[in-house]
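Below, subunit A partners subunit B and then partners subunit C, in two separate complexes.
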Partner chain A sequence: MTLLQTPIAAEKRTDRDEGLLEKATERRNRRTYLALLLPGLLGLLVSFVFPLAYMIRMSFNKGAPDGVIVETFTLDTYIQPLTDPYYWRVTLDTFQMGVTVGILCVLVSYPVALFLARSTSKYRGLLIAIAIAPLLTSAVVRTYGWMVILGTNGLINSSLEGLGLIDTPLKLTNNMTGVTIGLVEIFMPYAILAMISGFGRLSPQLEEAAGSLGASKFKVFTRVTLPLSLPGLLTAFLLVFVLAISTFITPRLLGGGSVQVLATEIYDQTTGLLNWPFAAALSVILLVLFGLIIAVYQRLTKKIGG
Partner chain B sequence: MTEPKLSIVDLTKRYAAGLEPAVDRLNMEVEEGHLVALLGPSGCGKTTTLRMVAGLMDPTAGSIVVDGKEITHTPVNKRGMGMVFQSYALFPHMNVEQNVAFGLEMRQTPKSEQKARVAAALDMVQLGHLGKRQTKELSGGQQQRIALARALVVEPTLLLLDEPLSNLDAKLRETMRTEIRSIQQRTRATTLFVTHDQDEALDMADRIAVMNGGLIEQFGSPTDVYERPRTHFVANFIGQANFLTARVGAETGGASLAGESYYKVDVEGLGQFGAVGAAGLSGSTHEMVIRPHRLTVALRPGADQTPVAGTIERVSYTGDALAVAVRVGDQQLQAQLLTSSGDLPRTGDAAYLSWAPEDAYLLPATTSAERLAA
Partner chain C sequence: MRATIKGKITAVAALSAAALVLSGCGGGAGAASNDSATSGEVNLIAYSGVWQDQYTAAVIEPFKAKYPDIKINYASKRSSAEMLSALQGQKTNPATDVAIMDNSVSTTGNKQGLFEKVDAAGVPNLANVPEKFRDKDGYGPVAMLDAVGLVYDTATFPQAPESWDVLWDPAYAGKINVNAPPSLLGLSLTAITAKMAGEDYTKGIDAAVTRLKEMAPGVQTFAPNPDEYQNVITGQTVLGLGQNARGQFYSDQSNKKMGVTFPKEGTVYQINTINVVKDAPHSAAAKTFVDYALSAEAQTAFAKALFYAPSVSNAELPADVKARVVPTDGSLNIVPLDVEFLSSARDKWTDIWKRQIITK
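After this line comes the complex of A and B, so read on.
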């Protein structure tokens, strides 16, 4: 009996040893992953999590007119924007601007992105580079460019006047129209990039298949191309929306002070009135807006199977 | 003869001026109900031809006629054909039923009829129970069948298959081969089938168009292209072949196959043999084709025939068969014999090759060897 048992016992031990060894390797692997993640996590903690926590804490403080911050815990900073119709107006305008810019930007970028995604030309890489090249110049420079084009004596107005099409210059700057035009153009490269990467399920073969089954060019577009590009369109919209409602330069410069959105309001509160708690509260409201649209986005993508 | 279902007249496709044409004045007639395989190596123009018939590509010249109507410039969606793509091209945002129904929907078939026809088409490919599934949940073979059902449900004028089996593994490919063939025969759908696999073509097709360099080298039944290849390329591409250079002598008379004559031929380095070929070959030099398995390999000289003596240089054993390479003078001939429990020949053994005159076929074209070399 003992003769028989010994080898079995030995076998058992090796099994357990192997199990232990596996676990040890696994633990070591996990430690390696953590070590690799650490720099990134630390960076995020320092540059994102702490400031965000600080900002949220700040929003419950009390701001005094001379810029003194009174350390306390109050909801006054929230009650004011939530009860004052002016801030409702600003929040609503911000949201509306985000949606308008998002939709227009997606509309004008879609044909470009579709062309680039489907192109088989050897110049495709170059064309994509050209499409996103505007990112090389800062939004400030491009905003000034739009001021020159859209201004009262700008390119568009002087051309139209020269052609005798209008008598009085169109009002294209210092209002929401100008801001919208500027933002749509400035965000186009982002929208195009987001769309190209979101068009993964599109393929010329699917369009050919639809055609061979009797679908006209229009039907191919509405039944195959458009549904399959929806995930890309949604992503682009989300990206542009988020960028638009958080941008400050273009609404300030092209809006010329007559366009008030949350971002410009926060800037004024921070640098002009030195009311940091109030600016922090407005920032939190902006964050909630982000959260809302992202929730809607996730609902939609689940629905369309992106 | 009745009017052909499809005729292709001088069809030409040149991708860019100055380039060699991908398809070069191609002519073909396809009978109603036939399955025609376009067979050839990659780049021979077979897919280009199929795409032009489908309407996915504009021909540079020539015309395509279906049921007596010229459709050369009819847009793809007005051709009423059914196409199965190599990647199946199922719509990922639709379920199986919606995919199959797509063509009927485009034809504005009444909903109730759509339902019945989709169900019938899915039953035909034995996937009636998967109608509500998403296409990405299906296996390759199932996707392939859905693609076939989607193409057939519209009762297409022509069924076009672009290498439909190339994405399947070997076992499944054989099954789908039989299945596609039987569905095609049941529906009597006139079918064009692009493939680079000779076995597929021989097994499935009523007619094979062997293509090379944008041209049809031969258009005929599977037995035609295998037994009576018109060119070196066809003999070489379909099955294995030994090529010998033969000076054709006098006709020997005797019973000849349809229009063919028996000849006495003088094969360089081997001696005098009998062979068959088209009429009127006497006096010139032709290539003679012998399939490896039509060579009789004996290990001792036989009495009744005039065998060719040689040495076995290489033996490869595949279980059922033994492929041997036999050195005869300065040539090497491939032969095949079925294995048995007895002695098997080994490298270095002497071998005596013989063949029946019917198995030595003289290629009609004297130019094919030069053409291939060019």
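After this line comes the complex of A and C, so read on.
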């Protein structure tokens, strides 16, 4: 008995000591983590939390003509857009643009992402790099590129006219069509990246197994590949949607003043009409819209995941 | 050993946090005042692009040659409204000394107490600025003048169009660019259209709106990009609104592929004022710069470079330049667009354009 007890007692002592030691280490670790996090948190505080708080406070001020900001606490800045059909239309247009761009972008990016995710080629890394290479060029430059391609005398119109297919140039720019085309291309690399990282559960073995059990290629795709890649598709859609509804440059440059979305409206109010409180209120509305979408997305992914 | 490394990491992290706080919040602390009329620096805020290039070459470089100890820091903005935003943001701790901006916006700045009054004691060349180009309360005077013009493709129009009516001509539908308000060009077109419809725009613009609605379907873009001139030069459009000064400049640049004219129904002045910021960090050097900007030498050089009309009476322009800058002697039919009125109408007119005129 004693022979057996001694090692156990020793073990117990060691356990307790180790527990204390672990706790001390944990405390020290926590301090270290906190210290390491501090620069980042401070950075976020200065660059994100403070401006956001300032913007929210600004949205309750009153904007007088000439850019005068009357320090007060009013809900007028919110009541105005929420009761004005024009701003409902702008919000709806923004939402519609986000959904359209999101769907189209996912549709055109999906085959590319699927190919890249399944590829076993030794050039896979290079191919992925090529797919996301457009990110190296700024969205402004790419938007200008689209202006050249889609313009009245642009590549598409002059080719179609040259081929005798059209007499008058198609209106491909300075409207929502141009903005949609531009945005889909600009956000493709993001969608591809989001999908590749979201295709985690996709494996060729599962497809092979389905095939060996007699499923046709189409069935393999609809019953195995597509459901397994759905989380990736959803993530890509959400990412593109969020980017699209907050984007400013492309609707501004390719919209020709005819595309009025929340971002262009905020820009006009801020820099053109100098109504910062109103612009801040619109920004908060946009932010709330983001929040709602993300909440819906999380519900959806939980459903799909569960 | 582990503890020492961790301690070091903690120390480094704390130090970087402290550095971040210092760099983030200490911006204003180092702005020591160095106020001298002949040395130091002047922080100027003015227009970007070709305006900045030409103003730098015609005015700032010669100024620097004359006052080698004054450094000019040029902060460029796309519009006067953006300049005003920047100045409003710095109101409690001004970082800018001089602002050159549209008078409709500088009037707002004057009202908001962003600028200080200038007099001939601080700015001797103010004596050469005629009364009509001085602010009645003594704030920044007019620095240069221009006017809204009709920009056209010279291949389509070998003769410059005579009337603004050409914008309504179905023959050019789809080939027109019009800058919608809040752009000053669009606000000016609204006033011009009201005048053409026999309407007093200060009382209402219903008739103008009806006319502009008729024009809108033929407009290709309400926000021309890269700008209103390049659109015509590259053949995207054949007609558009534009400013005379830049229009003249780009006409030369494009080898006369584009022209600019003042139609007979009249046009609206676009006036820039030069303003000294209140409590400017380099107030004395700022006044030296403003004085130079109002010198006959600087005014003539800028007129030659970018075709802005001088605001001083002693600037002598060569005949070929004079013919291309906007006349300020009363010979041009001008639609007066009162800045006081404009500041109250800007929001309303912009709203009307967005809701009623701009087509999708």
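One rule holds for everything that comes next: the second predicted complex is superposed on the first by the 282 of 306 C-alpha atoms of A that agree within 3 Å, B and C clash if a C-alpha of one lies under 4 Å from a C-alpha of the other, contacts with A are read in each partner's own complex, and residues count from 1 in each chain.
In this section, a contact is a pair of C-beta atoms (placed from the backbone, for glycine too) under 8 Å apart; a residue touches a chain by one contact, two chains touch by 3 or more.
Computed from a predicted model, the values in this text were never measured in an experiment.
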item: Side-by-side fit of subunit B and subunit C on subunit A, or clash; value: fit
item: First (subunit B), second (subunit C), both or neither touched by A:Y144; value: second
item: In the superposition, subunit B vs subunit C on subunit A residues touched; value: C
item: Partner chain in contact with A:F115 - subunit B first, subunit C second, else both or neither; value: neither
item: Touched partner set for A:Y78, first subunit B, second subunit C, both or neither; value: neither
item: For subunit A as apex, the angle formed with subunit B and subunit C - C-alpha centres, to the nearest 10 degrees; value: 150
item: Contacts of A:F221 with subunit B and subunit C, given as first, second, both or neither; value: neither
item: Partner chain(s) touched by A:F248 [first = subunit B, second = subunit C, both, neither]; value: neither
item: Touching partner for A:Y267 - first (subunit B), second (subunit C), both, neither; value: neither
item: Contacts of A:D66 with subunit B and subunit C, given as first, second, both or neither; value: second
item: Lowest C-alpha to C-alpha distance for subunit C against subunit B (Å); value: 38
item: Subunit A residues contacted in one complex by subunit B, in the other by subunit C; value: none
item: Subunit C-touching residues of subunit A, taken from the complex the two chains share; value: 28, 31-32, 35-36, 38-39, 42-43, 46, 65-69, 86, 144, 147, 151-153, 168, 171, 174-176, 252-253, 255-260, 268, 270-276
item: In the complex with subunit A, residue positions of subunit B that touch it; value: 54-56, 75-83, 85, 87, 89-93, 102-103, 106-107, 150-151, 154, 160
item: Complex interface listing, subunit A residues touching subunit B; value: 201, 203, 205-206, 208-217, 219, 223-224, 227-228, 304-305
item: Residue ranges of subunit C touching subunit A (in the complex, touch as defined); value: 3, 6, 9-10, 13-14, 16-17, 20-21, 24-25, 78-79, 81-82, 84-85, 88, 108, 111-112, 174-175, 179-183, 220-226, 234-237, 343-344, 346-347, 350, 354-355, 358-360
